[in-house]
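What follows is a set of structures for review.
Below, chain A partners chain B and then partners chain C, in two separate complexes.
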Partner chain A sequence: MSRKKLSAISRRSFLKAGAAVAGTVSMPWVASAQAKTIKIGFPTILSGRVAQLGNSSRNSAMMEVEKINAAGGLAGRPIELIARDTKGQPQEAARVARELINTDGCELLIDAEASTGAFAVHEVARDLGILCMHTNSETSSLSADPKLRLPNAFRCARQGVHDSVIGGIYAAEIANAKNLTRWATCSPDYAYGRDTTAEFVGYLKRFAPKVEIITEVWPKIFQPDYTEAITKLIQAKPQALYSCLWGGDLTSFIDQASIYALFSQMQFYAVNMADYTALTAVKNLPPGIHSGNRYIKTFPATPANATWGDAYRAKYGEYPTNWSWQNALCLNFLSEAAKKANSTDGKKLAEVLRGLKINSPFGADGTVTMRAEDQTIVGYAIGWGTTIPKEPYVPEMKTSPWAKVFELEAEWKKQKGYA
Partner chain B sequence: MNTSLRKDFAFALAGFLALALLPALTSSTALLDFVIRCAALGLFATSLNLLVGYGGMVSFGHGLFFGLGAYSFGIIMQRLGMPIPLAILVTVIFSGLVALVVGAICVRLTEIYFAFVTLAFQMLVHSLIIALSQFTGGDQGLRGGIPRPTFFGINLADHSQLYLFCAGLLVIGLLLMRHIVSSPFGYTLRMVRDNAKRAGFLGINVYRTRLTAFVLAGMFASLGGVVMSLFVSGAYPEFAFWTMSGEAVFIVMLGGTAAFLGPLVGTVVLLLLNDYVTRIAEHHGLVLGLVILFVALGLRKGLLDYVMDWRAARRIRAEEAHPVSALKGD
Partner chain C sequence: MDLTALTECLSSASCMVTQVTSGFIIGMLLFLVAVGLTLIFGVVKIVNFSHGVFYMIGAYVAMTVYQATNSYAAALLGGALGACGVGIIVERFIMRRIYSANVLMQLLVCYALVLIFDDLVKVVWGPEFKAMGMPEAFRVPPLFIFGGVVPPFYLFLIAAALVIAVGLALAINGTRFGKTVRAAAHNPTMVSALGINTGLLFTAVFGLGCLLAGLAGGLAAPVRSLTPGMGFSILIESFIVTVIGGMGSITGALVGALLIGLVRTFGALGFPLFTEALMYMAMAIILIVKPTGLFGREGT
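Take a look at the complex of A and B:
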């Protein structure tokens, strides 16, 4: 009797307990299947002269990844960002990108490479069909040239032509008001330097027809000594000087030109000055340098932007760079797209990304749009102002409406045969 | 076909079959990518060793031909749309012609003068690549991908077929270079390397011998460039920059100059180190620097040279210990 009773209870209990155990044991598997980590490949430059920018890209991306993961991940899947050094070499960028996809199992690619590497990664995206977000290349043709365009590649970075339009309009206003007709240029001797300078000068002359370029100097990229360029500029006696030197080249040029008192003899327009790395690296920053914004936390002058800049500084002990905000914005776009698509599938994300408008601290009006026609961002904040040697470095930024940028960009595309 | 050539051919066939079987053994695309990169740099470094190891001409500008190969092939495919084998043939011949012009000036010089003039030519070509942006894409490189039309049923847009094709080019290239260094010309080249004056007195045209080696090395280096351009589907100015030549010199140093396969061993070791160290460490330059120090100061010769010398020394020791059995051939 007792045996029978024991047996009946035992069988039921056993089944219940078995079900409970099976359920408990399988829960993590079910949960893990639902929330399987999504790996995002992040090829960038972590060694050499541009390493600081690559590190700042990774830092800002990690900061956003932490926020997204805390909020439940990308469509419910936690993100694992795998950053790897490409050494700034295109063949290494292609190799690393392929390795991230084929070996590490990355499902998305954030290409935080400079331009040459970006074009190499672009070809990997073409070959493997993976969703690729270019976050640091400013070369306009990457997204503007229809021959290069891919349905699975997007650009989440500023563009040379956009900067040149706003810069040209800003400089022309001052040139007209102060009758600055004699201009010189000093830019690095490679495609970015020549193209950006030509675009700036084109828009400057368009809005200030009296402007004349009296001399041009083209120092080599990473050139340590600018004496020859500086003396040539001083001898030409221009009223204003434009430069798209950047990073260490720009700071070296300013330090060396200050010795010759160049900045007291002419107005200086440096599109890449207003970035904390450049602003803090110059030993004696001359006041009154005209610059386009790269990243400063006071432009756009919104609490959201200031909060983001301060949070980055609190976390990493330094201010973000131009590359930082672009990578942060990319993660914001991916997060928003995943929410709308309710998926992390590259094709579905790409469909949603086309034309997607998101709220952003980096937007001119608080929003940034991924333009559908060429899959590149528009509406981000671009401004020009004059520097002071201490924070906020550029107290007042002037800007132009994006409608004007669109109008002139459309003309530029026609001229280039892109439209 | 003599015994040596038959042996080389059998070895090459076995090598190709082993590489061809690799995709059946592993599904790792990264491993296949690794072999493709080894093919590109292996051909490049082995061709440099024709000059350094066999000719005694240390070229600092050999990257010129690697870059020239990548760009010529890319431009031909993008603009002319030739069949791939024909495009490769035209590229190699064109590189040979350029090597003939450059070599005609350089091989008259020796030692440091030869090294620096080759470097000067390389920088000239690099500057031309940057300047002729309407053809080369300037410093942004050759963009838009390299078309890979199907030929003889081979579709290089398919990764496994690309892998087999590149492995085939590697094996054919190495076999041809092996044949060159094993031929009377190869021995003449060594004689010129060891004592150019004596070779001259023996009736050898030293200039022509060196020039021939320079042209052949340029042609094989361009074949390496073709493989690399197929892999990255583009061509970039870095391929023709002096750092590329520096990398090849280091590979040759690492693998060894005396053994024919030394540069290939150097390529495999360097790429393994590069790929592995880049994955696990940020300061990979430090690790690679230590390896260079170890090879330069510790081994004082390339890896394969070291292994071969060690084996030879062991054999000599064994023969000295058992002179009679050694004579009997035991």
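Take a look at the complex of A and C:
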């Protein structure tokens, strides 16, 4: 009798233990959730032309992690940020993201990748169900397209369509005043470049109907030589040029175009120029380039923003970048969400994050909101202005109210079939 | 496809001047890298997949020397000699061990060298991109020739590359060293039997190839962002150039480089979304018509 009883208990125990082991092995982040420290995976670009932006992402995230840990951690758990180099390659970004979750036991993922890799990491988040915060991809469709939307993925980065609305209004005002009707575009040939350019041109034409695009050039991302693109632009003789080239690509383009005196022949609208990385890397910055704000410590012109920019500079010896503020803001959102949820569980954090509004130095009115409907940030400071080759680099920023952005964004979503 | 733009350009003097000079600019940088590649292959018979590394080293050393001296001439000299020095060390301690190895081993070693030097550049100069900036002497407005825009720096670049091409051709065809190099390319065993130190000759040729790549890096540094791995992008095009021109032929490298430069500039006008493919198509057509390349010889 005793033998029979022993046998029955053994079988049940075996099945329970087996199920527990199988579950734990297949989902290591569940196992590590019991640990005190919470590991956050941070795939980003730490080598190549974009390394400076990736490093600035990691730096700002670390700066905020130190603050959060000093204040008691994320819902009481100290954060360990694990940053890995993705080399700017989508396949590497996906591999690194999986490795961070499955091997390193990360419970949350901050995807500090450019758009080239962000879509690949997004699919990893879909597959593994981990809470993923995209912090550097600006391609609008990532959060706007309902087919791509995930309950566990959020965007804590500016969005191409938002920049394009403000930029379109700004550029159209100048185009109308100076009768700039012949425009050209020169943007990188991938999702971000194509989408953002189309959105900017759409709003430019809407507010300046006489504008026509007479030529387009689409250099490849990380292309070393822009000579053929530059000479094509010279032949077309536009009055104004729009570009969303960024980082080392933008500085290379400016260096190569400057010796053709391209910027004396046409006005230049470069949405990604007003970032300290680009502004300081170009040795002979032509004056009068129109740019959207990326990160400038004088915009928004608040003590909180200036203090944050100076603190970063004091710690790392250089000014922060656009990617810096976005990653800092992401940690701020996670910290606030963990306080409200009193948990680090991804699903509970996601619930709190939807619609969460926090005070932030990067907000147009001192606050930034994680919009519930598409899980992307709104209310951050956006402006356009003209650059000068020394500090403050963009003396005056012009902006439009967010209500206008919302109105035009809603129309855009309908046109694209997203709403 | 925009054939109207291409046709208009072909009938416009200003457009032709701008596009042809642009083609020469792209071509001349490619030539300097490709000629080193072809020279090394011609004599040492190794396809040096790590050749882009020396272009990268040349660019970085040139930037460092320029920042220290504010002299572009010193920067060019520094870039060329720096790449040459590293090239000689690589040849003496690594490359010569794989001259008789199979192609797979050669490819593996060259790829390892690329990874090692890319990481070394990250350690020494940092992983982020760098910009050298245009030297003071060339910060002048562009020239307008028949209405076409030509930057003075690019005229200098074209002239410098042409001088090197002519100098190299004269050296290879008219000097004792050149005759020895040509003899070694044809029959290294016989050259060795005549008492010439072929090991030293191989080192000299490898060093010369690296010097030219370093010079190209120094010439490109003012207008291209410097980043670890920058050598790889130019290496692919340089291989296309050597295949078109014929492996081992200096004249072929020059003609192939100019052809690729012109295909890119005129292709950007007429076939803007197909420019890259045009280069490969040109290569494929030439290989079909003449499998050894335009100036390649049977057996090389």
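Rule of thumb we're sticking to: the second predicted complex is superposed on the first by the 384 of 419 C-alpha atoms of A that agree within 3 Å, B and C clash if a C-alpha of one lies under 4 Å from a C-alpha of the other, contacts with A are read in each partner's own complex, and residues count from 1 in each chain.
By our rule, a residue touches a chain if its C-beta (ideal position, glycine included) is under 8 Å from a C-beta of that chain, and two chains touch if they have at least 3 such contacts.
As the structure is a computational prediction, the values presented were derived from the model and not from experiment.
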First (chain B), second (chain C), both or neither touched by A:52: second
Contacts of A:282 with chain B and chain C, given as first, second, both or neither: second
Residue contacts on chain A - larger count, chain B or chain C: C
Partner chain(s) touched by A:380 [first = chain B, second = chain C, both, neither]: neither
Contacts of A:123 with chain B and chain C, given as first, second, both or neither: first
First (chain B), second (chain C), both or neither touched by A:248: second
Chain B versus chain C as contact partner of A:228, first or second or both or neither: second
Which superposed partner A:95 touches (first chain B, second chain C, both, neither): first
First, second, both or neither for A:268, with chain B first and chain C second: neither
Where chain A meets both chain C and chain B, residue numbers: 46-47
In the complex, chain C residues that touch chain A: 5, 9, 15, 18-19, 22, 25-26, 29, 122, 126-134, 138-139, 141-142, 149, 151-154, 220, 222-225, 227-230, 233-234, 264-265, 267-269, 272-273, 275-276
Chain B-touching residues of chain A, taken from the complex the two chains share: 46-47, 84-85, 89-91, 94-96, 98-99, 102-103, 115-116, 119-120, 122-123, 126-127, 139, 141, 147-148, 190-192
Complex contact set, residues of chain B against chain A: 28-30, 33, 37, 130, 133, 138-141, 143-145, 159, 228, 231-234, 236-239, 275, 278-279, 282-285
Chain C-touching residues of chain A, taken from the complex the two chains share: 46-52, 55, 215-218, 220, 222-225, 227-232, 234-235, 247-249, 251-252, 255-256, 258-261, 281-284
